[in-house]
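Next come the structures, one after another.
Across the two complexes that follow, chain A remains constant while its partner is chain B and subsequently chain C.
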Partner chain A sequence: MIIEAGIHQIWPGFDLQIASELHFTSGLTHLQGPNGVGKSSFLTQLLLPRLVKNPAYYCLYFEQQMQLQITAVKAYAALMKPRVQVEGEADAVDFLLQDLLRSYEAEPRPSLVLMDESLHAERIKAFLDENIPDYSLVFSSHGELFPSARSIVFKPLSSSRSLVDAPAN
Partner chain B sequence: MPPQIKLILSLLLLLSILAVTLVLFLDSLPIQLAFFGALTLALLFLKGFKRWLQGFRLMLPFLISLSLVYLMFGVLKIKTQEADPGSISYWLQFGLGRILLFANSVLTFQLFFSLISFDELLSLPLKIGLMKYVILGKILFSNAFNSYQDIGFHQSLIPSQQQSKQRFSQRFKARLAAVLALLFTLSRESRIKGAQIDNRIAACHGGKSGGTGQWYLNLGYVVLVTVATMIIPIPIPGGGFFNFGDVMIVFIGLHAGRRAGALAGGIGSAIADLLLFPLFAPITLLVKGLEGWLSGLGHKSSGLGRFLFPLSGCALMVGGYFLGEWALPQLGKAVAVADLGVNIVQGLVGFVGGRALFEAAKYLDI
Partner chain C sequence: MYPYGYPGFESLTLRHFFIMDSPILFCNASLPISGGGTLREEFILYHLDSALQAALINEFASITGKELNPQSDLHTLSGGQKVLMMTLLALLSPAKSIHFVNLWHSLDTQNRDLVKDLIARLGAERRITHSASEDDN
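Up next is the complex of A and B:
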């Protein structure tokens, strides 16, 4: 998965300037930067649209406020796996990870996992390390979660533009 | 112009066009053609080409499939209204009139809805007891459409949904899961917002707050049926369209009882018809209302009743549409016969899907 260098419009009146081509093929990638600089928008408006219905990858996304995602997963589980109880965020995360594992076992593909300020980051990574050999994890967080992750840094240039740069680690 | 005057004038215009095209000049091809041209021009002027094209695209597959049915009638020499064996040219000419009539009914309602906005309804001097339905209805409608898109997005990101080979049953269940999530979201929203409106009314207009809440739950069900009917409008030969409305009607009947089932089934489906294919709205109001009521008889039953009542509701829907379409001169036996097979499938899907939703909803706090 590649995001080309250049200016990408995210919303009317806000864009991201990507300094150089970004690759998300393997390993861990940490999106860093202050609040409101466009990290979540980068995930939802740039990365996810390229991943949805892309047969080359399994894509898994953990949104920041999981409220509607929990409802969507809960309803899906109620119909597909009625014996699996999905009550809250932790259950929804578990369901999605187990579903990824089942899908991977049935039809192996590289997996791209996106996390937006997830409270379950360590658990998700531990599960992936243990079960999914071929994955790439892209996450945003304020602290340094995983030291081995390469960084993509977001800097505000103006109220309508942020710079996205991947310095050599 | 004051909104009440605008509403009255728009209603008069709507009724006049319907009276001329659907009653007075039902079989006059030149009149239908003239109205088709005039309505198209008016909509182009009011909505602009892009939005007009969007509305026309929705109707186009339906019109094409209807043309094919009339062509088939000609080939099969189906008897005419005068009991003569109908030729291809007879059925094509008859069909063209009916297709134009159908298109005119859709365009007339599109014209009406482009003249009157939801916000203008909100500015009408309605009593608060009625206004609360308009306010909450608007909130729930916009919430439903936005939520359904987001739910679909989240469910498309569940890995098993990304596998290349999906069985039909799996795809159907996935669609049901999206409907179930919408049901959950909208039920919660109608409870929260409805209670807030009740409290506000109690504070500003006096009276008690914290009523039974039945009005907003029923309104939520109406919106759910409308949205489920409109979300997947797949045009089908002869008339009507395949959708998830019946699934929702069966579910609401089983989950909330006869009254809720009848209200949601009748009003919710009729609103969807008025917005999409208005010619069917009168039949729909009655038939789907009865379907919801019958399904609702299973609410307090146990065991067999929960199967038999929804099943009889769906069977009544199939029979009701067949008789209703046959009896209405604007639709006629051609549409009734052509619609029968599709309505049987729609009824079966409604029964199976509604029952599945009812069972799955036990795992959710709806």
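Up next is the complex of A and C:
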């Protein structure tokens, strides 16, 4: 999965200037930067739409503030076989991971997991390490979650543009 | 914070009375926007009068540079900015007791310090508590 260098419009009046081509093949990628600089938008407006259109990958996305996603997962889990009752955030995370594993076991594919400031980051990574051999985890976090991750750094250039750069790690 | 079992209140009924007598505004950073999305709806939910509404808009603009109005769609804010908005709404509301859940998680270092200052400045007369997860309530 590649995001091309250049200026990518995210919303009317806001774009991301990507300094060099970004590759998301395997391993861990840490999106770093202050609040409001476009990290979540990068995930939802650039990376996620490309993944959804690409059947070569399995894609799993953990939203930053999961409450609405939990509602959707609860409904899905209650309707789809095997029917499961999802109670809260941890349950929803487990359900999504198990769903990925079921798909992976039926037909292995590279799996790209997007995690936006998740409260369950360590648990998600441990599950992936144990169960999904060829995964790529792209995550945003204000802390140093996984030191081995390569960094993509977001810097505000103005209120309407942020620079996205991947320094050599 | 009120863990289960308040001193002297072993009965569930008495515990409920205790809570009713001292209502707590719960603000969960996993769901920072409570209404349908506009700032006006949050003003109504948090019971802010026009003077406090103006104070909030000014304070938010000074922190983020974003000029909002009551019709603004809060879903256009970033995750951290939504948490800042929730914090300001709570601190300007009439609530005497506020409990924040996972307040710091989505905030960068600068905004964490800023929110600590806001709580010290606007929350001085209130009981303000925190927990790291909904399960701690």
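The criterion applied here is as follows: the second predicted complex is superposed on the first by the 165 of 169 C-alpha atoms of A that agree within 3 Å, B and C clash if a C-alpha of one lies under 4 Å from a C-alpha of the other, contacts with A are read in each partner's own complex, and residues count from 1 in each chain.
Keep this in mind: contacts are C-beta pairs under 8 Å (C-beta built on N, C-alpha and C of every residue); 3 or more make two chains touch, one makes a residue touch a chain.
Just so it is clear, the model here is predicted, and its values are computed rather than measured.
*Asks:* Identify whether chain B and chain C fit side by side or clash on chain A in the overlaid structures.
*Replies:* Pair status: fit.
*Asks:* After superposition on the shared chain, which partner residues are touched by A:76: those of chain B (first), chain C (second), both, or neither?
*Replies:* In the superposition, A:76 contacts chain B only.
*Asks:* Could you say whether A:58 touches chain B, chain C, both of them, or neither, answering first, second, both or neither?
*Replies:* first
*Asks:* Between chain C and chain B, which one touches more residues of chain A when both complexes sit on the common chain A?
*Replies:* Touching more residues of chain A than the other partner does is B.
*Asks:* If we overlay the two complexes on their shared chain A, which of chain B and chain C does A:124 touch? Say first, second, both or neither.
*Replies:* In the superposition, A:124 contacts neither chain B nor chain C.
*Asks:* Per the contact definition in the header, classify A:28: touching chain B only (first), chain C only (second), both, or neither.
*Replies:* Neither partner.
*Asks:* Give one of first, second, both or neither to describe whether A:138 is in contact with chain B, with chain C, with both, or with none.
*Replies:* The answer is neither, since A:138 touches no partner chain.
*Asks:* Have a look at where A:152 lands relative to chain B and chain C in the superposition and call it first, second, both or neither.
*Replies:* In the superposition, A:152 contacts neither chain B nor chain C.
*Asks:* Looking at the overlay, does A:102 come into contact with chain B only (first), chain C only (second), both, or neither?
*Replies:* first
*Asks:* After overlaying the two complexes, what is the shortest C-alpha distance between chain B and chain C, in Å?
*Replies:* Minimum C-alpha separation, chain B to chain C, in the superposed model is 7 Å.
*Asks:* Shared contact residues on chain A for chain B and chain C?
*Replies:* 68
*Asks:* For a test of understanding, state which residues of chain B touch chain A in their complex under the given definition.
*Replies:* Residue positions touching the partner: 147, 150-151, 153-160, 162-164, 170, 173-174, 176-178, 180-181, 183-185, 356, 359-361, 363-364.
*Asks:* Quick check: in the complex, which residue numbers of chain A touch chain B?
*Replies:* Per the stated touch rule, the residues are 48, 52-53, 55, 58-61, 63, 68-69, 71-80, 82, 85, 96, 99-100, 102-104, 106-107, 111.
*Asks:* Taking the complex as given, what residues does chain A use to touch chain C?
*Replies:* Answer in residue numbers: 11, 33-41, 64-68, 88-89, 116-117, 119, 142, 159.
*Asks:* Given the complex with chain A, which residues does chain C contribute to the contact?
*Replies:* Residue positions touching the partner: 28-32, 64-65, 76-82, 84, 102, 105-111, 133-134.
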